[in-house]
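In the two complexes below, chain A is the common chain; its partner is chain B in one and chain C in the other.
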Partner chain A sequence: MTSPVLVIGAGVAGMTAAIELADSGVKVVLVDRLRTIGGNALDLYKAFPTDDCFYCFEGNRTRPGIRKCFYRSAMTDQPNIDLYTDTTVEEISGEAGEFHAKLAVGPRYVDPKKCILCGKCMEHSQAFEMLSPQCQPQAVVYNPSKAEDGDKKAEEECPTEAINLNAEASEETVKVSDIIIATGYHEMKPVNVEEYGYGTHPNIVTQLELAKMLDPNGESAGTLLRPSDGEPVKRMMMVQCVGSRDERYYPYCSKICCVFALKHAVIATKERENIKVSVVYMDIRTYDRHEQYYREAREDGVEFVRGRVTRIEPRNDGSLDVIVYDSLLDKYLKSNIDLFVLSSALEPPEGASDLMSQLGLKSASGFVAPVDLVAENEVVVGKRIYACGTALGPAEVPESVNQARAVVSKILQSRK
Partner chain B sequence: MAETDEKASPPVTLVDPIDMSKLDPSFRDDVKSMPNGEELTACFACSTCTAACPIANQWDFKPHQLIRMILLGMREEVLSSREIWECLTCFECQERCPQNVRVTDIFFDCKNLAAEEGYEVPENVLVLGKELVDKGQLYVVTADWEREDLDLEPEVPGLSVEEVEKILKKTRTGRLVGGE
Partner chain C sequence: MSENRSPVLLCTCGDTLSLDYELLNKELSQYEGVKSVTVHGTVCQREGLEAIKHLVQENDGRLVIAACTSQKIQMRIDNFLKEEGVDSSQVQYVNIREHSAWVHDDVGDATEKSLAMIKGAVRLASLSEPFLDETKEIASHVTVVGGGIAGIESALSLSNLGYHVTLLEKEDELGGHVKHLPVVAPTGKSGKEVLSGRLESIDRDDNIEVHKNTTVRFFDGEMGNFTVHFVDTDGTEKDLETSGIVLANGFSEFKPTAMEEYRYGRNPDVLTQFELSCMLSDGELHRPSDDEPVKEIIMVQCVGSRSEDYKRDCSKLCCTFAIDNALEVLKRHPEARVRIVYMDIRVPFENEMIYKESREKGVDYIRGRVSRVWEENGETHVKVYDSLLDKYLEFAPDLLVLSSAILPAEGLNELSETLGFDIEDDGHVKELYGKLRRLETRRRGVIAVGGVTRPQFVFEAVTDAQAGALVIHNELQEGQIEKLARGAVLNVEDCVGCSLCAQQCPRGVPLMIEETENPEDEDEKLEFKAAIDTLNCHACGVCQSLCPSAATQLNFLTNEQLWAQIEGTLEGAGPDNPITLCFHCEECAVSTMDIVGTRKMKYPANTRFIPVPCAGRVSIIDILKGFEHGASTVMIASCETDRCHMGGTGNEIAQAQIDVARDILSAIGWKGERVDMFRMYSAEPDRFITAIQEMVKRAKELGPTPVHQGTAGKWMEVSR
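== the complex of A and B ==
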């Protein structure tokens, strides 16, 4: 029997690669360091280009199952997939075709296969949490940092005996033939870009934080409220290219932020009441057919200011006075706003460089670089090592999926 | 920690910004609701119009800036500008606009709004208006050799201007220039 394939990261790209390999009869070990899979996309309310929950874009409609979440439910139900959440890859040794990956598996306080989501434990203690209604595996998780007296009672009363408070972290070594790096991206926290004041005021947020606020599954059920005092947001301003195209941070264009921001601007303008949105930009890069978002945003009354921010001054009432230089008018504009949203750069995730040096992979601006730049081998990053999705650099959802499928195709061909 | 409290406020700058709260967002809607304004908000400020304009070089506000000012709600500045009246109406900007914004026609709308709302109308325009109201036409065509060269009858066909005078007297043009 051939060895399984190791997929590192269970976001859009990793899950696509895992399920397609599994469907083709290949055993997969799917590892994610968080306690729920789904990656950054889990926090997106709507994903472009379909404005749908990202798991449901056109190519997946023919798959059976509950439309909204079939993709991730397959991760737990597909017998060919061995899912490890709360797990990191500590070390990889061996060589192509026979890698040995040492996995550090977090303590399994709640057995996801037994948990029936009755919610009893959550009544007894705050340490038991449901991370998201869409969390996968669909199970409660236990957070030991919030431990309290009720924990014991919760353990005793769990009707399916799913809870084991004495669980301990473990280590496991798996033998795999191929490795797929799908470690995704991290949204830069722009604390160092001083002129935007991120971290100094609660009403200054990033685009991914805004996505969470707009999500109907979120805390405010999708109503846009000021983080400072819960007052409704009436005026919102976005700034593009924060940390991207900036030699002091990341020289590359993060590629998705323009469409990402405009998508949010349109949601705020059209689906929420009385929110006036301004977008401060240097170039709008809504490449390909994404241009329609730009046109739609203008038609919906989103205000575009080509220029940069001069300064931000918080007012006592929780709002912010922002002065922007409008380079088209050659004038400075002063606006009072409730929420200031930074379209922050996509950066390589924590630990990416360690993994790359361990496997001897090349880097391109911190992301995994292909072995050679010929397009057909875009996803090949080493001997029997592949990468897909934002591990290779900023990418949109359909692109990540395409790359994942390219990886699957490469692996299947190699096993013929 | 007291450290963050003591952080100095941002340095004073000499920037004197336009206070957006004092502008008039209804201006944008007014222009958009006029016959030529439908595509106004499609403008993405590429400045094709300014590149096309034969006289923008002479202007303080270039065509793309005027559109931008309309979008921002700068009613006062646009309607009192000399630029909207100096437009040659060659329509080059409108022809070239990649987003189908009717730039020249929007300037016409602005002229109409300016006249309607009591902003100053330049003297030369008023003179033309008076000519129209008084004579029903701007140029009186006379019989001359040019007609002969063109093989036209020497006599100019009669032009009835009374109706034109009558109508114009009842319009804004009439109100602006008075008339006899």
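== the complex of A and C ==
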């Protein structure tokens, strides 16, 4: 009996790797630090390159051949997967083939296998929440910081006895043969990039925050409103390379922000009413077929300004005056806008460097780097240690999925 | 036909669903297809699962479960029954939670709707047959077309997974474009170094057979049983039996002879970027016109790429290639001058650092376009418009290097004709689904990896190849295929040989086979019949809805079954109770409807739902059956345009069926607006609400149908 494989991070890449391994009969311990899995993808609304929703997820072999909506992925019912949500990897010791991973497991207030989402507990107390209709596992979570009197009643009346308010955090050590790092990325909060004023004015947001505002399931049902006063957004300006290609922060190109931004620019101009969008950029980097977003954006009347933003001045009416240096015209231009959107760098997630130093992995600007550069095997990052998805650096969904499958392919090859 | 009776299991979701269970129990107990009714608190928990097991065992595998969405509980129930050794293939599900109790305020209405949908499922169940696991043995052999980096890595990965591999290469050497690269980003090593270890492994590997100097001519057969016809090294034509095919044909660099402004092909000192790579890789940098040393180079980006006349998209690699070559030139000749004329410099992730290094080492970047190239006194002259300075600049370089577009390999169209994969607008192999299934093609058992799918860096092509090996392995299972035989079954006797199924199957599964009763008789007319391997089938039902003779049918949703379900579901529909019947696919449509339910959004209850695996399963006749049994309006809910989960075309088939049904209804005076189709996805649950409200409104406004009025089937005057 071989030991299971540890997958750290249950976003698109980690889930794909876990399901593919499980389908091939390999046991998997799948760990995510959040209470619902799915990673960044759950907040992205529409996905490029397909422009449909972000909830698609490749089904497993028991439901052959076709992809499924995320809420249907039944992660708690996969026979070979042990899912640990609200769990962090504290320490990894041992060696290739027999690693020991110490897991810090958060309190199991609600048993996800028992919860049927009937909603009774949520009627009794606000401490019980459904994080998203697409949440996975399909279960409510309990937030002790919102504890109230109704909690006890919710616990008593739960028809499946899924709730245990006395649950406590625990520690567990698992023995695993291989490790897959799928820890994803974090969108940099550009609070330190002073020139853009993020954090000083509510109408200055990041692209990930804009994605949530455009989401029809969000608070404003997809209508773009100024966070400051709820007035409709009529003029929006995006600025590219915030923290990327910048020696002060990250020297690398974050690769997907141009497409991400233009996708939003197209949604705003085409599918929302009366919104004028301009994009301030250094180079527009819509690689390969993503060029279509650039073409589409220009056809839809999105304005492109090559240059840099030099100053932002809030007005009393909630709008912002922005001064932009246009390097093609060699002129400074002033513009009044309602929403200022920063295409912020993708950075390695918190804890990535700890994990990498514990395992002795190489770094590529803070992301995990391949162990043998000449081999061009991007997913092999150590002895029986693999990485996939944005843990390896900025990547799109299809790339993450391919990398996850490449990892599984490598693991199965090594076990033959 | 004698119908089997089914037990019904009603779940109350822990006594939380606002439905009249007493009424459901009473009505269902009296319904002729129902054997027994059980009400349970939570069918998804241990006790419930035990109850399911006993009911299934006691009733020859039949059971109708009315509970929450099957998308959540079916997997758990299937797993449990499998562990207990009980067949679950005949269990039917009705969603009375997300599709009824949670979305309708009136308990009476929700109960009535639930009752009708349960009756429909009972009728369907009464005609069901069990399916069994079937096994099939196929050769564990895969053919890789193309011996570049992607093909080489595919062959090695597949061999490591236990397959025999035949690798077909058109040239006399393996390694494709990579072997000519002086530097491969991001490693800084040469292409030969990247290849050498892999080429040694191929040589050592007894499971990999390499044929060089070969030409692939055509293919026939299907997954598990393909034949590759190729011309071998020695010029003989050969056939090769194989179970799966990996297309790794690579790319070709655009030769910009038609772009006269660059003088390529006319001036020997005008090269493409790949030609410069070869020059750097093979020896010394020199001017091809007179072998003189090179002091000054101008590189031009986006030659043929990002151009409406040639390739519309970006070729992705050229910026990095140009910078790599520029740095290599400077390494060998620090005194050389390199200028790069560009529109946008596109270097992903850490390649940005190489870009920065090149700027620091003195590579000059000019944002603009080349406006003219000419020869004068044996020199090459180039005039460039600099858009940052708004000025024209003139140079006389030794070499003009064109970063030419990356195009797909030649000959793909010919291969697609017999192999049945689709081609993208830009000429590359078309992927099955851009987000999650990039390596698969329309044709089952055929995958594409590396540059044949899109411009790719070397490490990306390697990842593709490794991942592709897993995709093939998942399909071929090392030659031992064990699967539930759930899918389309063809009755050859009934086949009229029209080939609609073979043309329209989203995965190219049905084959047309030549049949003669007497092979000796040369005068006998040739006849073609379809053949479908159920184990290769994706179970969408497109072939069934198109088949004019009902020869091909899904074994879990035959015509008789669906029609019985329609009749049961529409019980009680009539002029006083106008009902909208909604066929919905079990992909995006059911997800959207489930999310509507989970969010407890509300819509009218005079609606009835029938799930189908894909919208393309619904035929014109199925739609008309809806009206025959009393529906006022009929709709199909499907995935978004081009996003059909079955390979992109099922919903388009459904659209065609809807269009024809509407024309028929209009022609016979039944008002074509009674049928319509709506596309949706779960990120926008409002789409379903808007759609169903529209059809309910039409049901009310258009009034009783001729079926309701009793005038159906009678001639009547049609107003124009």
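Basically, the second predicted complex is superposed on the first by the 394 of 416 C-alpha atoms of A that agree within 3 Å, B and C clash if a C-alpha of one lies under 4 Å from a C-alpha of the other, contacts with A are read in each partner's own complex, and residues count from 1 in each chain.
The working rule: a residue touches a chain if its C-beta (ideal position, glycine included) is under 8 Å from a C-beta of that chain, and two chains touch if they have at least 3 such contacts.
Owing to the predicted nature of the structure, the values given are computational and were not obtained by experimental measurement.
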Partner chain(s) touched by A:386 [first = chain B, second = chain C, both, neither]: neither
Chain B versus chain C as contact partner of A:311, first or second or both or neither: first
Touched partner set for A:416, first chain B, second chain C, both or neither: second
Which superposed partner A:260 touches (first chain B, second chain C, both, neither): neither
Chain B versus chain C as contact partner of A:284, first or second or both or neither: both
Touched chain A residues, chain B compared with chain C: C
Touched partner set for A:185, first chain B, second chain C, both or neither: neither
Chain B versus chain C as contact partner of A:336, first or second or both or neither: first
Partner chain in contact with A:328 - chain B first, chain C second, else both or neither: both
Chain B versus chain C as contact partner of A:299, first or second or both or neither: first
Contact residues common to both interfaces of chain A (with chain B and with chain C): 284, 295, 328
Sites on chain C touched by chain A in the complex: 13-16, 41-42, 44-45, 68, 71-72, 75-76, 78-79, 149, 157, 160-162, 184, 186-189, 193-194, 197, 306, 312-316, 344-353, 356, 387-388, 390, 426, 433-439, 454-455, 458-460, 462-464, 466-467, 469-471, 473-474, 483, 538-539, 587-588, 591, 594-595, 598-599, 639-640, 643, 645-646, 681-686
Residues of chain A defined as touching chain B within the complex: 284, 294-295, 298-299, 301, 303-304, 306, 310-313, 323, 326, 328-329, 331-336
Residue ranges of chain B in contact with chain A within the complex: 9-10, 13, 15-21, 41-45, 47, 64-65, 68-69, 71-72, 99
For the chain A and chain C complex, residues of the former touching the latter: 20, 23-24, 45-47, 49-50, 52-58, 61-69, 71-72, 74, 77, 79, 114, 116-120, 130, 133-134, 138, 158-160, 215-217, 221, 245, 251-255, 283-292, 295, 327-328, 330, 364-365, 370, 373-379, 393-394, 397-399, 401-406, 408-410, 412-413, 416
